[in-house]
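Presented sequentially are two complexes of chain A, the first with chain B as partner and the second with chain C.
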Partner chain A sequence: MDSLKQNRMKGVNLIIIVLLSFGLFGFSPGKRDTVSKKNKNSIPDTGEMPVYGNWKTFTKKDGLPADKIYCVRVDGDRVLVGTSNGMAVYENGTWKTYSVKDGLAHKGVLSIDVSEITGDVWIGTLGGLTRWSSGSFHTFTQLNSGLPNDIIYSVICDGKDVWVATGGGAGHYDTYSDQWDIYMERNAPMHEPWTYGVCAGDSKIFIAAWGGGVIEFNTKTKKFRDYVDPDEQMELDVFPDDGVVHDITTGVSYAKGILWVGTYFGLSWYDGAHWKSYFDHDSGLLSNFINYLKADGNVAWMCTDKGLSSFNGKTWVSYQKNETGKTGKIIVTKGPRIAEGAKTKEVAATSSICHNFVLGIDFNDNEIWVATSKGLCRGEKIK
Partner chain B sequence: MKHKYQALFFFLFLLFSVFVVSAQEKKTNYGNTPDEVIPYGGFHKAYIDFFDKPQPFTGAGREKPEPAGLKEIRIGYLGPLEGSVMVPQGIQMLQGAQLAVEEANKKGGYKGIPFKIMEHNDVGLWGAAANKVVAMNDEHVWAFLGSIDDINTHVALRMTLKLEIPMVNSGDPDPTLTETRIPWMIRVIGDDRQSCYALSEYIYKVKKLKRVAVLRVDNRYGRVGIKEFREAARRMNHPLVLEIRYAEGDTTFTPQIQRIIDSEPDAVLLWGNAKETALALKQMRKMGMNAPVFGSDRLMSPEFLKIAGKDAEGVVTTCQYNPNLDNPKLKAFQKNYKKRFGMDSDVFAAHAYDGMNIIIDAIKKAGLNRAKIRDVLTDMKTFQGYEGVAGKIIFDASWNDIGAIWMTEVRNGEFHFFPTPPFTSGKVACNN
Partner chain C sequence: MMKKRKLFFLLLIIVVIVIGFSIGPARKKARQHVNYMTAVDDHPLNCLSCHLYTQRSGFLAKMINASYLSPYNLAVAPNGEKLFVVAQEGNALLTIDTKTNRVVDKIAVGTQPHTVLISKDGTRAFVSNEWDDTVYIIDLGTSEITDTIKTGNGPAGMVLCNNETTLYVVNSFSNEISIFDLNTKKERKRLVAGNNPVGAALSPDGKQIYISSRRILPHKYRTPISIEITVIDTKTERVTERKILNDAYLSENVSFTPEGDLAIATLIRPKNLIPSIQVEQGFMMTYGIAVMETKKNGRIVQLLTDQPNSYCSDPFDIVITPDGKKAFVSSSGADIITVIDLTKVRKLLAESSSEQLKQYANNLGVSSKYVIKRISTGANPKGMKASPDGKYIYVAERLNDKISVINTETLDIERTIDLGGPKRITVARKGRRLFNNAGHTFQKQYACYTCHPDVGEDGLVYNMAGVGMGRNVTNTQTLRDIGDIAPYKWNGHNQSVYKQDGMRFSTFLTRTEPFAYDDLDALVAYIITGIKNPPNLRYNPTGKLTDAQERGKKIFYRTHTNDGKEIPPHNRCYTCHPPPDFTNKRLEDVGSLAETDDTIKFDTPQLNNLFNAGPYLHDGRAQTLEEIWTTYDHGDYHGVTSDMTKDQLNDMIEYLKSLRDAKFYENVNVEEEVKKYNAK
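Showing the complex of A and B:
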C-alpha cells in the first residue's frame, strides 16, 4: 500500500515538474524538428521543389541607387530593379540607374513588367506609370491620361493590354487603341476602389482589392465576380479553407490553374472549386504577413516579413537570414500542413537572402532574384 | 521531510495555476467586445484570431543615422482643409496640432530645432490622400497626423508601409482602420466599434428597447460605422427592423422616414453627419414619428443642435471625450486653445492635440529615425495609458484606442455627458 502511495506521489511529482517546466520556462512542443549536428548541412529531399543557395547581395556599394528594393523583374539577360530612388538595370555585370531626370514619373518604383509583344518596359511608380520604349520614357498620370491614380502598386502586361492596380482603382490600357478603362466601386464588385495587386491567366484578370478580397474579370465575357472572406470579420478567421482568408489582400498570382492570394493574415490557394488556407502556425509558411507573392509553374513564392517561403502544394522550402552575419537557413517542411503530418527540418546555410523583409521576387531558369528592405540578392539553383 | 517538499511543490504549482487563470480572466476580448457579441461566439471558436498580439515591423531602417544640419523638424498634417463638408472638423484638428507644436517649440523643440507642421489638404477624391503621403515623404516629414475621413485615412495608411512613415490617427473612428495589420499607425481616438457596443448596451439593456430602425448615410462612414451595431443587435436577439440609407447632402428624407414609420420601431438610430441627421430628425418629428432617437458621434455638434432645435431634445449619442470633465490638463488646453484661436475646441482638436504631443514625444525619445519613432509609438509601453486632454489612451494589440468613451443626451438644448453603461452579460442568442 505504501509503495503504491509512493508510486502515485512519484507520478504526481513528475506531472507537476513537467507542468511547471512548460509554465515557468516556456518549454513547448515545437512545430519544427531541430537539426542534429550529424545531418546539419544536408538538405532533405524536396521532390520537385527547387532549392536555391550561393546567395550574392547587391547594395548601393555595388551600384544600386538605394538599398530599399521594392521590386525586381528578370527580362532575358537583364534584370530590372525598382528601388526607392529610381530604377536600376543590371546587364553584362554592371548597373545603370534611371531616375526622374531620365523620364521616370517618380523615383519610387514599386512595380515593373515587360511586354512580351513589344519588349516595352512598364514601370509603376509613386507618381504615375512610365512606359520605357525604344530608349525613351513616356509617363501616364491622372492628369494626362485615364490612369485611375498616380500610385501604381502593381503593373502587368497581358498581350496588348496593360493592367494597373492603383490607389484609386484598377486601370486597363489598350495599347492598340490607346484607350483607358477604369474599374472601381461603381462598375465592379469592389467595396472601395483600393487595389494592390493584379495578375492575368486563362483569359482572366485577378485584382487584389484592399478590403474587397479578390476581383476576377473575365476578358472574354467582360463579367466580374468577387471572392471575399465568407465570415465577413476582420479580426478573425472562423474556418480555414472556406475562402480567401481575409478581405485585405496584398497580392495575387495565377499559374497552372491555381490562384494564389497573399494577405497580411495568411495565404490562400484556389483551384476554381476549392479554397485552402495556410498560416504560419499550421504550415511551413514563415509568416502570415505576405508583402508580395508570385507563382511560377507549380510553385508559389511568398515574400514575407520574416523571409521567403516557396510551396508547391506538397512541400515548403523557406529561406531565412540569421540575425547577425551573412549566414542563414533553409527550412524544409514536407507536407502541406502540420495537421496533415507535415514535418520540418532546418538546414544551416553559409549564405542567405540579404534581409528577411522581402518585397519582391523574380527568376529565370537557374537564378532567383529577391528584392528586400535592405538590398537585392541573387540565388543559384542548387537542387 | 520528503512529504514537506512534495507539499511545497504542490503549493507552488497551485499558486502558479491560480496566477495563470487569474491573468487570463483579466484579459479583455479584442476591441472590448462584450462576450455576448463575439462573432460566431455561440457557434464556433475562431480558427485564428488575428489581433492577439501586435504586428512587428521587421524591415530595415533603424540603422540610418540622424541627419545633421536640419533647420526644422517636419511633421505632416493630413486633413480636410478645403473642398469638403468636414472642413470645420479639419480646422479644429489642425489647430489642436498647431497648439501642441507651438507649446513644444516654446520648450526648445527638438534639441533646439523647432518643429514645423507640413499641411496637406485631405481633398477627399479617391486615392488623392496617398499622393499627399508621397508628397510628405518628399518633404522628409518624420511622422504625420491624419485624418478624419475614413476613406482618405485608409488610402493614406497603405502608403505608410511602402514609405515607412509613422502615422498617428486622431480623428477617424472607422473600426477597420486599425485592422489592416500595417504596423506604422496608431489611433488615439475611440472608434465606432466602441460607440456601437455602448449604444447597443444602452438601447437594448438600459432602455430595454427591442425594435430599432437605422437611418444612415450611404457612404463608408455609414456602412462601416453601423456594422458593429447591426451585428451586436442580431447577437443580442434584436435584429434591426430596418436599415435604410440616404445620400450624403440630402435635405429631404420623406420616403425613408415613411418606411421607418411603417416598420413600427421602438427607437431610431441615426448614423451620419450633423446636418443631414438634424434635418432628418426634424422631418421625422413633423411626420409624427416620436420614437426615441439615438445617434453616432458626429451628431454631438453645435451644428446638430442649431438645425434640429427643440427636436434634438432627448437625443442620445456617443462622444469620444467629455469636454466638461474637471481635468486640469483639459481645462488648460481649452483655455489656451480659445486664447490662441478665438474659438472653443472640439473633440477633433482635443484628440489632435494629444496625437501631436505623442508624435513630438516619440521623436524626442527615438531621435530622427522613422523606424525608431515607429518602434516607440507601437511598443505598447511608452504611450500605453497616456493621459491626454481627451482622456486616457488604452491601446489594444492593433494599436486601437479602446479607452473610455462617453455618451451624451440633449437636455434643454445642451449636451449632457454620462459614462457608457458597463457591459452586462447576456445569453448568446445568435450563432454568427
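Showing the complex of A and C:
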C-alpha cells in the first residue's frame, strides 16, 4: 500500500516536471538547412536503420497556433498537429487552425488518430474527445457521453473501435453499437485509473497504465492480463530483462509482434516471450525519460526529454540539438547495449530537430515529423 | 338448451345496460364520466366511440380494425412494364403490371419495409426492412428471397453502385451508412451520417451519393437548428462533405438532376423558437426544397413550395423527370403533388443575388415563379418514381392503398391502381388520415404528423403557450404506445387523449375549429390503438441484457447507495419509473423547473424506447441521457446518483437504452425485481 502511495506521489511529481519543462526550454527556429555532403558521408553504416536530416522547423511564425506541439499525425497528403492552442492542419504548403470555436472540445490537443475505415479524425484533448469528420466536429465529454474522463492522453482507432487513455481510466467506444466501456482499477488489473497510452495489434489492446505497468486486453476473449515490474523497485531495475522496467508507463506501441513500452525510467521490449530493457547508461537511448514512443515496422522511435532516439533491436540512431544555434548531432550506436559490445559515434549535423524535449512523431514515405515543446520539425530521409 | 339460456341472459344484460344509460342515474353517471374524459359537456354519449374503437387486442379489436397495405416507396422495372411497391404495413413487396394495372405478385418481406431497388437487368429486388435490420435480396423470377443481409439499425434508403457490386444502406436509427460488397454479401464499413438519415441518391455519374436526414444536429439549447446532407465519394467510400441545411429539418429524400449539377432535397422549416401562437399569423411551419449545386463550394438555396395562406405540408419524396425539366414533390400532409419547373428554378438562381436567394427561404410568394401545378391525390402521398420514358410519375398513396399515375405532360392523374387493401375505412384508419393531414390547421400549416413524424416526436422544443409567451417551453413527446399512461402533456393537465386533442388542441395549436366529435373519436382511436414502438434492435435485440445493462439494471432497482445508506423510496428509479411503462403516471419534481417555467411539477414520462427520444427532460435541455444527471441534477432530485461512479452511470444508461416497448414488461413484478437486485 505504501509503495502504491509512493508510486502515485512520484507519478504526480513527474507529471509536474513534464508540464513545467514545456515552458522552460528556449528555442530558436532555424531556416531550412541541409546536412553537408561531408557530414552525410561521415554517418556510419546504420544497416536498415533510416537516417533523417535536412530538418525544417515550423513555429507560430510559420502559421502554427502555438509553439508547444503535443502530437503530430500524418494523414495522406496532410499533417495534423496537436498544439496547446488548437489543432493545425498542414496541407498544400499552408497551415489551417481549428479551435474551440470551430467545435474542438478543448484547445489543448494531446493526441490524434485517423480511422483507416472512415477517414474520420479522432482528437484527444484536455477537455474531451472530438470526432472530426469531413468538416463536422462532434465532441464527447464525460458529461454528455460515456467517455471516462475529459483528459485524453491518447486516442487510437482499431477498426470500428476507438480507444482512449484518459485520466479516469481507459475507454472503449464501439462506433457501431454506440456503447462505451470503461476500464479502471475496479474491473481491470490496474492500480489506479490513470492511463497514459494505448495501442492496438494482433487482436490485443495494450494500455500504458500509470503505476500499473502495461495492461493487455484481448479483444477476442475479452480477458485482461497485466505486465508489471517484477522487482517492484522504483529507482532501479534490479534484474535486467525480467519484465517491464517500471510500473509507471508513459507509452506503448506494437508492431511486427513486438511491444515497445516507454517509461520515465527506460525502455522495454517484449516479443511475447522475452523482455529486454534499455537505459540511457547502457545503450544508445538518449534518455530514460520517454514522453512518447511509436514503432514503425521494425523501428521504434522514442521521444525523450533529451532528443529523439530510434532503434531496431540492433542499431540506435539518435537526434539531438546542440545547446546553442541550429545545429545538432546524429548519434549512431551499433549494437543494442554496451554490455553487448555496442559502439557509439557522433556526427555533427548542420540542421537538427527543433528542440530536445520531444513529445511526438509520425512519418510518411520519406519524411518524419517531430513534435516538440518548442516547435514542430520535419526531417527528410537521407539514408 | 344451455346455449339458448346463455344467449337470453346476454341479451338481457345488453337491454339493461342500454336502458340504464338511456334513462336514470346511470345516464347521469355516464354523462359525468364522458364530460370528465373529454373536458367538454356536449360530447355525444356514445360508449362505443371510446370503449369499442380503442380496443387494442382480442376479438373485438380484430373485428373493428383492418390490415391495410400502406404503400410507402416504389420502384419501376428497367423496361417500365412492372412496378414494385413496398407495402409498409402489409410487410410485402407488391408487383404490378403497368399495362393491366393489376397486382400480379405479392412477396412477403420483413417488418416495416422501407425502400425497394431493382437491379439494372430487372432480375433482382433489394428491400430494406426498417424494423428487422435486414435487406432482402429477392429473385424476381422465382419470387424467392435469395439472401438476407444484416444491416445497422433501421435500414431505410439504399443505393446500388459500382456496377451493382456495392450496396449502400442508410441505417436510419443508428445514424450510419453501411457499405456492402454484394459479391460476398459482407459489410465493408460504416460511415457516420447525419441524425436520422433516410433518403439516398446516386449522382448520374455514379461518383457521389447524397444522404438526407430528418432530425437536427446537436446544437446549443434554444438556438437555430440545422440538419445534414451527407456526401459520400463512391470511389474512396468516405464522407467527403457534410452539407448543412440551416433552419430546417425532416429532409426525407434527395434527388439529382440528370445533368448532375443540382441535387434537390425536401425539407421543413419550423419556427420553433417563437411561440406557436404565431400560427395565427401564418408562417409557423413552411415547406420546400434545398437546391444544392454539386460543384465545389456550390450554393445551397432553400425555396418554399408553399403559397401565401396555403401550405404544402410534410414534403416526402422528390422525383425529377429524365429530361430534367420538372421536379415532383409529394406533399404528404396536403395530399398534393407539387410540380416545379426546374428551368424556372435555374433562371431564378442565375438572376438572383445571393441576398435575394437567402430571402427566398422565407418568401411564401416566390413559389409562383417556379411551381407550375399542385395535383390533388388520395390520402398521404409518399414515395414516387418516374417511368423510364419519363411519361408517368407513380405515386404511393399510403393511406389510400392505391398508386396514382400522373401524366408528366398534362400534369393530371391519368389513372389509379388499386392495390387490393381493405375497402372499408375503419375508425382508426380515419383517425390516421386526420393525423397525417394538415387540413385541420389554420391555413393547413401543419399536421399532427409534422411534429410527431412516424407518430414519435420531432426532437424540437416548442413554446405552445397561448398566454405567457416565451414561458413553459416543452419538448415534443412521443405518441407511440401511450394508451395506458394518462395523464398527458408535460404538466399532466390532460386526463385523456380526448382532452389533449380536443378544444385545447384548436386553442393552442391549430388555431381553427376544433375537430368534429366523430373526427376526434377517430383520432383518439388511432392514437390509442394503432401505434407501436419499433423494436429496440440496437440495444436489446433478444431480450437478454448485456453485462453492462445487467449491472445498470441492478442500479436502477437499488435501494441503497454505494456507501450503504438507504435511498428514500420516493427517490429510487423504480418508484417513479416502474415497468411496464416505466412511469408512475404522476406528477413529480425532479429539480428541473426552469426560471421560465410556471411553478409546477411534471408528468413522469414513460421510458420505453427512450434511446432514440432525445433531447430529454420536459424542456429538452438535456441533449443526451448522461446530461440528465451530469449536468442538470445537482441535488439528487432526479433519483440518487451523486454517489455513483462514471462507469456505474454508464451502466445505468446502457440499461435505460435497452428498454423496449411496454408489452415486453407486462409480467414484471417490481417487488421481485427489487428483491432480486438487492440480494446480498
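Assume the second predicted complex is superposed on the first by the 342 of 383 C-alpha atoms of A that agree within 3 Å, B and C clash if a C-alpha of one lies under 4 Å from a C-alpha of the other, contacts with A are read in each partner's own complex, and residues count from 1 in each chain.
Following the convention adopted for this analysis, a residue touches a chain if its C-beta (ideal position, glycine included) is under 8 Å from a C-beta of that chain, and two chains touch if they have at least 3 such contacts.
Because the structure is predicted, anything quoted here is derived from the model rather than measured.
J.: Overlaying the two complexes on chain A, which is it for chain B and chain C: clash or fit?
T.: Chain B/chain C on chain A - fit side by side.
J.: Touch check for A:I117: first (chain B), second (chain C), both, or neither?
T.: It touches chain C, and chain B stays clear.
J.: For A:F224, decide between first (touching chain B), second (touching chain C), both and neither.
T.: neither
J.: After the superposition on A, what does A:S177 contact: first (chain B), second (chain C), both or neither?
T.: A:S177 contacts chain C only, not chain B.
J.: Look at A:H106 in the shared chain and tell me whether it touches chain B only, chain C only, both, or neither; answer first, second, both or neither.
T.: first
J.: Regarding the shared-chain residue A:F239, is it in contact with chain B (first), chain C (second), both, or neither?
T.: In the superposed model, A:F239 contacts chain B only, not chain C.
J.: Between chain B and chain C, whom does A:H138 touch in the aligned arrangement: first, second, both, or neither?
T.: Once the two structures are laid over each other on A, A:H138 reaches chain C alone.
J.: Considering only the touch criterion stated at the top, classify A:K160 as touching first (chain B), second (chain C), both, or neither.
T.: So A:K160 only meets chain C here.
J.: Using the touch definition from the top, say if A:R186 reaches chain B (first), chain C (second), both or neither.
T.: Only chain C is touched by A:R186; chain B is not.
J.: When the two structures are laid over each other on chain A, which of chain B and chain C touches more residues of chain A?
T.: B
J.: Quick one: classify A:G169 as touching chain B (first), chain C (second), both or neither.
T.: both
J.: Using only CA atoms and the superposition described at the top, report the least gap between chain B and chain C in Å.
T.: 7
J.: Overlap the chain B and chain C contact sets on chain A and report the shared residues.
T.: 148-149, 168-169, 184
J.: Inside the complex, what are the residues of chain A that reach chain B?
T.: 9, 12-13, 16, 19-20, 23-24, 67-68, 70, 106, 108, 110, 126-127, 148-151, 166-169, 184, 192-194, 196, 210-211, 231, 233-240, 246, 248, 264-266, 279, 281, 289, 305-306, 355-357, 372-374
J.: Can you list the residues on chain C that touch chain A in the complex?
T.: 152, 174, 176, 189-192, 218, 228, 231, 236, 238-242, 538-539, 548, 623-624, 626-627, 630-631, 645-647, 650, 653-654
J.: Touching chain A in the complex: which residues of chain B?
T.: These residues of chain B touch chain A: 6, 9-10, 12-13, 16, 20, 30-31, 39-40, 44, 46-51, 55-61, 125-128, 130-131, 134, 137, 151, 154-155, 158-159, 162-163, 175-176, 179-182, 220, 432.
J.: In their complex, what parts of chain A are in touch with chain C?
T.: Of all residues in chain A, those touching chain C are 117-120, 131, 133-136, 138, 142-146, 148-149, 160, 168-169, 175-182, 184, 186-187.
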